[in-house]
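Here chain A shows up in two complexes: once beside chain B, once beside chain C.
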Partner chain A sequence: MNGRTISRSQLAALVDDLVGSGVGVVAPVRAPDGRLDYRPVARLEEAVLDGGLPRLSLKSLFLPPTEPLFSFRKSGPDVAIDSVPTTFPPRLVLGAVPCDAAGVAALDKVMGWDYRDELWFGRREATTIVSVACGKGDASCFCGATGNGPAGTRGADLLLLPLDDGFAVEVVTPKGEALLSAHAGRFGEPPNEADVARRRAGLLEGRVEPVGSLAPVTAWLGGHFDDPVWDGIALRCHGCGACASVCPTCHCFDIVDEPEGVTRGTRRRNWDTCQTARFTLHASGHNPRSVQDARYRQRVLHKFSIYPERFGELLCTGCGRCSRACPGGMDLPDVLGAIAARAAAPAGGAA
Partner chain B sequence: MNLYEPYRVKIAGLVDETPDTRTFRLEFLDPEVARTFDFKTGQFGEYSAFGAGECTFCIASSPTRRGYIECSFKTVGKATTALRDLNVGDTMGFRGPYGNHFPLERMEGSSLVFIAGGIGLAPVRSVIWNALDLRDRFKDVTIVYGARSVSDLVYKRELEEWAARADVRLHQTVDPGGETPDWAGEVGFVPTIVEKSAPSATNAYAIVCGPPIMIKFTLPVLKKLGFADDRIYTTLENRMKCGIGKCGRCNIGPVYVCKDGPVFTAEELAKLPPEF
Partner chain C sequence: MKELRDLATKLLAEGTVNVVLGWEEGPRGVRPAFATDAAAAGRLVFDPRCTQNLVPYLSPRRTQVKKLGKAAVVVKGCDARAVAGLVRETQLAREDVVVIGVRCGGVIADPASPEPLSPATVADRCPGCNSREPKLADHTVGELPAAPPGESRRDVRIADLEARTADERWAFWQDELGRCVRCHACREACPMCFCERCVADKTQPQWVDSSPHPRGAFAWNVTRALHLAGRCVDCGECERACPVDIPLGLLNLKLARVASERFGYTATDDPAVPSPVGSFQKDDAQEFIL
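Here is the complex of A and B:
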């Protein structure tokens, strides 16, 4: 680790400093039902660091479930457009789970290719992400298989590793370095290397992931669009899209106009999901993905074949939320395992 | 201003092509945009009636005609119904131009064979006028256009204009049963008429757009006539929202219709998964 340490009391003071200077601090907070949600906090005591996976990922901080793109006012034949801001107040996420931070970084690619999404990057630039290494994985987690891991730094500006009193601090990006420099007095000496190594290893202790390396899956998927493995794959899928809502990387959206009376309205961007039949339905009635198997295949291909081909990385961080949320019991690691088995079959998985 | 905010355009003219298909001529309200706006033939945009949402069409006019763009649309859903409720002088939204284009620059010095069915003539019309406005750069120009019935033929005045030109060979057809007593054109499906008119494939490109069934049966005919797959171009219309590669809706396998297309060669289409 290239960094420093910070005690719990100094971290609490850092949060006070930041909140006092107008920075919005967002952290996992215990909801009345016992689960965690990323929420604004005023003090460190409200936050639960290393408490496991929050209900929803960080995605909604950068791509809100619904957001205005602009408003319009009609007056006779004329229309005036009122823009929305593309700059955002400074914000710090404290206690991001590494798989959630990785999801945000993965989405930078699609939000920035060719056309730069100012709303996404406006929020990205205003936000510093401090991840806390995760020691609370469960049976649905497979972050290791996606290349992230419980102490993954992808998408984080700083990574905190829990020590006995406080944290070891790893600087990941210049933005993280800037935060550290601006509050240098709050941070202590570099941590004991042996202690850090022991605790890192401890994060992985006893972890058995539900699926192995995804490299063979990714390699096989591209050429097997019509493989029998897809036939009936979505029999248990209700097409509800819960998987996409909880996913840190599912980013498909709809653009709709919401009239407010006759003369005013707002064009909004709303989360959408490729799992519903209407997603690709043409006005003519033609639907390129007319059955659920095809829609589920799209979800798997997008994450493990299309995105890697176009952007060089998986569109999955292995958080396992989709498996936990599915009312039909669809389990992505199971499906990936079945595909891996198919890819490894003696026939070479030939269709 | 963000990239989902449209240009405001004023409807400068409208033509009812058929009972359910209308063409708008659109002029940009912002004089700077009006002066600088440029596109290439085959590119598309997102058109919107404020309050009803956006819909995706190719730009139906030619980039050689500056100062305005045109779009032709059939009234089918919510957004196109709202567009139809607009009138000359009304303001609507346009985002674009997006996507790739028909590589007309590569086709210079060659013959062009345009094949279209129904409202599929809209994107092809852009290429036709683009080529005709630069007529001396191309050899033979052949147009095969068909619709279900005489009343479903779009751009009727332009069909007359093309028919009258000595430097254009136009074959018009309607499906059997769609003819009127005074119909002077062909009767038969588009692929049949393509086969019958047998345009030469020598140093030629084919540009095809129409309903999927028409394209499906036209491609083998073109092959028989000697057109190589990489000299047959078409344009796809998958459902889109953003038009700029983000909303995740239009992809066919790894190919994003909005960014890699909408223009593809038959060779490229053959490599895609059958999901369009």
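Here is the complex of A and C:
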């Protein structure tokens, strides 16, 4: 580890420093119903570090469920456009779960692809992400299979690894380095390497992931759009989109103009999902994805074939949120396992 | 369990139905099953984890289920009310589905939980349930287990909300509905939300803002709750589907009570009993109509 350490009390003081200097600190916070949500905190005590996955993923802090793109006013024949700010006040996320931070990094690719999404990158630039290594995985997690892991650093600027009192601090990016140097007095000596190695190993102890290597799945998917494996794959899927809402990498959005009275209005973008029938419904009434099997296939292909082909990485961090949220009992590792079996079968190789 | 499996196998073998909708072991607890052969029928289960209502899969919009052919569906008492709802509202012809009722002692809220049925794990709708033996059924299987454990948590929460001022209630719902992302999972998982074109999807005119800002979240959830008043069968699917755990059951139950007080209607698995939205009586309360 290239880093330092920070005690809990120094971390609390760091939060006070940041909040005092006008940095918005966001962390997992326990809601009255017991679940966690990423919310602004004023003090470290309000944050729950390494408490497991918050309800909605970190993407909601960069691509909110709804946001204005601009507003418009009509006066006579003219239309005036009021743009929205694309720079944001400084913010620090403390206690990002590694699979959530990895999702944000994956989304940087599509958000900066054919044009640079100003709102996404405005928030990205204003935000420093401090992940905390995760000791709360369950049987639906497969972050290892996606190339991440409970102490994964993708998307994080700093990674904190829990020690007895405080954390070992791994510096991942120059932004993380800048935070560390600006508050150097809060950080202690480098951690004991052996202790760090033992604790990292501890995070993986007893972990059995529900799905093996995804490489064969990704390799097979491209040529098998019409394979029989898709028939009935989504029988139990309601097309409800809960999976996409909680997913740290699903990023489809809809654009709507909302009138506010007769002469004004706002153009907004809102989360959307390919899992609903309406997503691909044409004005003619034709729907190219007329059955849920086809919609579910789209979700699998986008994550495990289309995105890797275009951007060189999976659009899935293995967080398992989709399986946990699904009211129909659809389980992504189970589906990936079925596809892997099909790919490995003698007839499965035929395109 | 054997009785259920044998019956499903028989219905499939004799060609009475092409698929039996039930529950099976899945990677995370029990999950909906679509048994089309004897092997799959032999894997059906019914136990206190079977909280899912399978009746939404009978909706004509579930084209991939429809393709399998004529269905039998396994129902608990609460689920049977959904079958009755669809028949009452002419979405389903009674003879088009074979209904297999299971006698029920309550279910746990989360079908993936390894915990046994207890006052702590029981689904909100179960304590005090008086429909544990479905009447609307072509076949009924199993022995009647003991009554569900525990007391209704919702009674306490509704009483608590009723005791608050309007401003406090407003604040409570602002906070809860503030999490809504307008995914409409509540609608898609609901057996009674079967509209081909939901009012929330209409754009000309746009009756309900589609954005999950406070106005849109309120407009959607209030609209949906009112459209379900006197129609909701209290199966709990909407709340279970909601990815942000909004306590939709509180809204639904409160409105069901209002429908019962004002129109003498309680959700039932008898499709012949008219629902308040589908019928008009001269003595219906109507002083609220301007």
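What we mean here is this: the second predicted complex is superposed on the first by the 348 of 351 C-alpha atoms of A that agree within 3 Å, B and C clash if a C-alpha of one lies under 4 Å from a C-alpha of the other, contacts with A are read in each partner's own complex, and residues count from 1 in each chain.
As a working rule, a contact is a pair of C-beta atoms (placed from the backbone, for glycine too) under 8 Å apart; a residue touches a chain by one contact, two chains touch by 3 or more.
Computed from a predicted model, the values in this text were never measured in an experiment.
Look at chain A after the overlay: chain B and chain C fit there side by side.
Of the two partner chains, neither chain B nor chain C is touched by A:Glu45. Shared-chain residue A:Asp117: touches chain B; no touch with chain C.
With both structures placed on the common chain, the touch criterion links A:Glu125 to neither chain B nor chain C. After overlaying the two complexes on the shared chain, residue contacts for A:Arg55 are found with chain C alone; chain B is out of touch. Using the contact criterion defined above for the overlaid structures, shared-chain residue A:Asp254 touches chain B and also reaches chain C. With both structures placed on the common chain, the touch criterion links A:Cys240 to chain C but leaves chain B unconnected. Seen from the CA centre of chain A, the centres of chain B and chain C span an angle of about 90°, rounded to a multiple of 10.
When the two complexes are laid on top of each other via chain A, the two nearest Cα atoms from chain B and chain C are 5 angstrom apart.
With the contact threshold set out at the top, residues 254, 256, 259 of chain A are in contact with chain B in one structure and with chain C in the other. Every residue of chain A that touches chain C in the complex is listed here, in rising order: 33, 35, 37, 55-56, 65-66, 139-140, 210, 232, 234-236, 238-242, 244-246, 254, 256, 258-259, 268, 270-271, 273, 276-278, 290-293, 323-325, 327-329, 331, 333-334. Listing the residues of chain A that touch chain B in their complex gives 69-70, 72, 74, 77-79, 81, 83-84, 86, 110-111, 113-119, 222, 225-226, 251-257, 259, 265, 267, 269, 272, 274, 279-284, 286, 288-289, 294, 298, 301-302, 305-306, 309-310. Interface of chain C with chain A (complex): residues 26-32, 34, 52, 56-57, 61-65, 67-68, 111-112, 179, 181-185, 187-189, 201, 206, 209-213, 216, 237, 240-245, 247.
The touching residues of chain B, when paired with chain A in their complex, are 1-6, 8, 10, 48, 50-55, 76-77, 80, 87, 89-93, 212, 237-239, 241-242, 244-249, 251-254, 256, 259, 273, 275-276.
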